């Protein structure tokens, strides 16, 4: 049974059809990498799955529940699916610990002590237990991104969406974030991630989706997709990147 | 005879001595690459040569004229030495053509028609003749940097200083800028460039300067410096980079 | 309500209103143009000018921004003659508006200048331009573009504030309203009409300034 | 005729300045509350709220405060509503300040990066929760300097309440001038008192702004 | 019926000026005083009700009346046909001699002599209405917001001449300014009236009766003596 079912999803911005009928099923525990040129619709797809953009046609369901664009359904969805952004988007006025605690207390009404314990656990898990009281601007980019991951994990989602989460990082900081993601993958978390780190995609992912002009152009296990690209577009894309 | 003579130059920012006695002579037509770790003083050196920073000790002379920190001498110097920056620094409110024309008209009082003709020539030379009327934000990073080069060239300098001019560019755009620089080198322009493109330095430069902690740590032709680094610092630096 | 509104006076007094509108517009245009020019000069002096000039400009700006326009107007019109500087009420009104907008404009434009990336100054310098040339050709236009909305609002505020010049007998729109009501005792009607005209003028002025912005700054600036 | 000593002049002006201060406080605090309500209507979803607030702002920022005061006091009187002067002055000043404060604060809220909205909604927060816990705490910080700066305009704006019979600082200045024929002394003192009221406000606004910029640079 | 209301409430609200000496000004205690103020007191006394003084300016005195915030306006109002369409006037309660004043070296003897001259006046005052009627077309009339503006304009030389009440000119002279306003010619003896809302015949009759009584028993003469330094002229 699939955890995330994306069926014939279309999305337009004005006249610009950005997603032209996307079909992907993601099984529980799968780690899916989404690759493709700039503008091919990767971010838009993730944002649709998280309900940050409303879809025009098709359907998306997560753990059997249909995605509907009203506040109540959206909230239920977002409790199941966490999202991590390229720009971290930590709340600058709160410490790392408070960042992780906030949504538990506000959304789930978790008592403070419990939220704090959870925040401690999650920050430990991303290797930042000692940074509980640091403000975001006192952390490096890599540390900020790890706090963002801890923040998403604290909501105990059944899947995580990651949109180029290492692209805003200096090269030497990329690996610390990827290590955390790798660990999550190892622990069985379902992940959909847009990434430019081909090597990481090859090592960690169970499937790779190559998007091109708003469509899923190729899809398959990484060995196949990378070693044996079928379409000229993917060949060119991989050629340029490597 | 040297075109640029740098003698025992020292530069402090507060307590931080950034240049600790630099000696370099650059002959006409030479292409000098400056390499080194972040913070080793490479940018500061170039900025001192262009008079953007005043030096504390030592002397710099260009084409026989001493660098003195008053407006008149600085202007004379800057007519001889052009500078290109990592961040392009095009004037956003002017078209590419106007960017190239401005300083000729304002500084040299070149008549408009003549400045325009020169701008056309220089933009052609960097392969952007057709972008005369485009504004900077309509150009890619590589194109913007080439306009910046054209702008510097239009002042007909006898030497160009380039500070990591490809570092802010997406990888696919680096080569178009380097091609222009290579051509300039081939035409006999004197160049001093801070760069991280080791391969380019090896192929194009006549000499390589390795800076370390505010000093010239090694200097020599690229074959020697790259193939045969003498100091452990350079060995480590090259090891890290390659 | 037992009050009968009567706009019959419009038939008789419309020339007074028209003249009032003309003078309010004239004051706004002259005050706006010269005030922005003064603002630019002061902003330059405060942000980039010689050190000895800065405290003087700062004092001027603080003095103007922290006292009411009306009091400034009275000093220029009634006070300066004591020093042998006498001018008509229109000149005095214009001068007061220029000085007023100059001070506010200075602070707004200065913020725009200070938001200029340092690279722009350095690029200008490395091309051999003097500091003043760099300011004039490189820094100013993008700086103005950055703060144009704020500057536009300030110009509209100054236009509405010009209502005070009626106190020194400058025959602007508020003067017209007061004049008409002093003759007809139809205060509501004349103030109501004047208010509507001010609203139209303010909206039109804001649109005009937006249009001016589009022509002056055809291109978006980076940052 | 001239029974006023300089001390009398100053004393009367200072007594009148109490009204200036009181009116400023009322209009600033009241304007802040109304402005906050309008802010929610302005940036909320829906059609009517934003349109209404836009029109409101256009009206109050597009007409002279003098006329607003006049129409509030006498206009309502015409319709048989007997508003006392202090109420009319308070209401007009409050509505006027609210129009400006709403716009100032809207700018602050809109300057909060989109990512903050997106991150908080992807964590499951609702609109009010986002506002309360994520957006407003950040917007409030950057809103402090321009808000304090605007309070200077409020202090000066109270001068216009003389049209509806308020004897505050400016009006007292005119009255005393009429009784003494000493415009320079009187207006000089009036200007001085205004300066003493306003300058600390502008100054603290500037200092706050500088602090904030420094804080921002650390981000 | 305004009179009935006044009598029922035992209080009458009267608008008086506070920027027009000697008709209305303030003392060092900021309390209103002057001819108009005493007139208001007199009326309240005769009506046997409490007096509530409402200080007004030339810009807002009529709206105060029209919105029933006051019952009477005693604010040296002049009468003309246009104004009579909007409010009612009682009989005259005060004389107002106004004239054109200027420094000795300006030679003007009559209205025709104002040609090409600049004259300052207080907007909406009696003399504004009269001067506007009689001045030649090329006279520049500058209308200031209040009396203070007019006087300041004269003293600072912004206008050559001013048209104002003789008592006002006297007040200026008293301060011994560098520029002494001398009388050039009298415009008109235009008395002041008390204004009240239309359709209040009872109140109007009552006030008229009080004024007539005060003229007879010398109360008005006393006020005139106190503030204008002369008895009421015969024609009032």
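As written, the chains take the letters A, B, C, D and E, and residue 1 is the first residue of each chain.
Everything below uses one rule, namely that a residue touches a chain if its C-beta (ideal position, glycine included) is under 8 Å from a C-beta of that chain, and two chains touch if they have at least 3 such contacts.
For reference, the UniProt names are A, B = Amino acid ABC transporter ATP-binding protein; C = Polar amino acid ABC transporter permease; D = ABC transporter permease.
Remember, it's a predicted structure, so these values are computed and weren't measured experimentally.
Touch-path distance (fewest steps) from chain B to chain E is 2.
Per the C-alpha superposition, chain A sits rotated 175 degrees relative to chain B, a value rounded to a multiple of 5. The chain with its CA mean position farthest from that of chain A is E. Farthest from chain D (ABC transporter permease) in terms of Cα centroid separation is B. Distance between chain B and chain C, defined via averaged C-alpha coordinates, is recorded as 46 Å. If you average the Cα atoms of chain C and of chain D (ABC transporter permease), the two centres end up 20 Å apart.
Rounded to whole angstrom, the centroid-to-centroid distance between chain B and chain D (ABC transporter permease), based on C-alpha atoms, equals 53 Å. Note: centroid distance chain A to chain E, computed from Cα atoms, is 81 Å. Counting partner chains per residue, chain C shows two or more touched chains at residues 3, 74, 78-79, 82, 187-188. Counting partners per residue, chain E has 59-60, 63, 66, 152 as the residues that reach two or more other chains.
Here the chains touching each other pair up as A-D, B-C, C-D, C-E, D-E. Within the complex formed with chain D (ABC transporter permease), the chain E residues making contact are 18-21, 25-28, 30, 54-57, 59-60, 63-64, 66-69, 146-148, 151-152, 155, 171-172, 174-175, 177.
Residues of chain D (ABC transporter permease) touching chain C in their complex: 58-59, 61-68, 70-71, 74-75, 78-80, 152, 156, 159, 170, 173, 183-184, 187, 190-191, 194-195, 198-199, 202.
Taken in their complex, chain C has these residues touching chain E: 3, 74, 77-79, 81-82, 86, 88-89, 166-169, 175, 178-179, 181-188.
Residues 58-60, 62-63, 66, 80, 82-83, 86-87, 120, 123-124, 128-129, 142-145, 149, 152-153, 156-158 of chain E are the ones that touch chain C when the two sit in their complex.
Across the interface of their complex, chain D (ABC transporter permease) is touched by residues 1, 3, 62-63, 65-71, 74-75, 78-79, 82, 153, 156-157, 160-161, 163, 174, 187-188, 191-192, 194-195, 198-199, 202-203, 206 of chain C.
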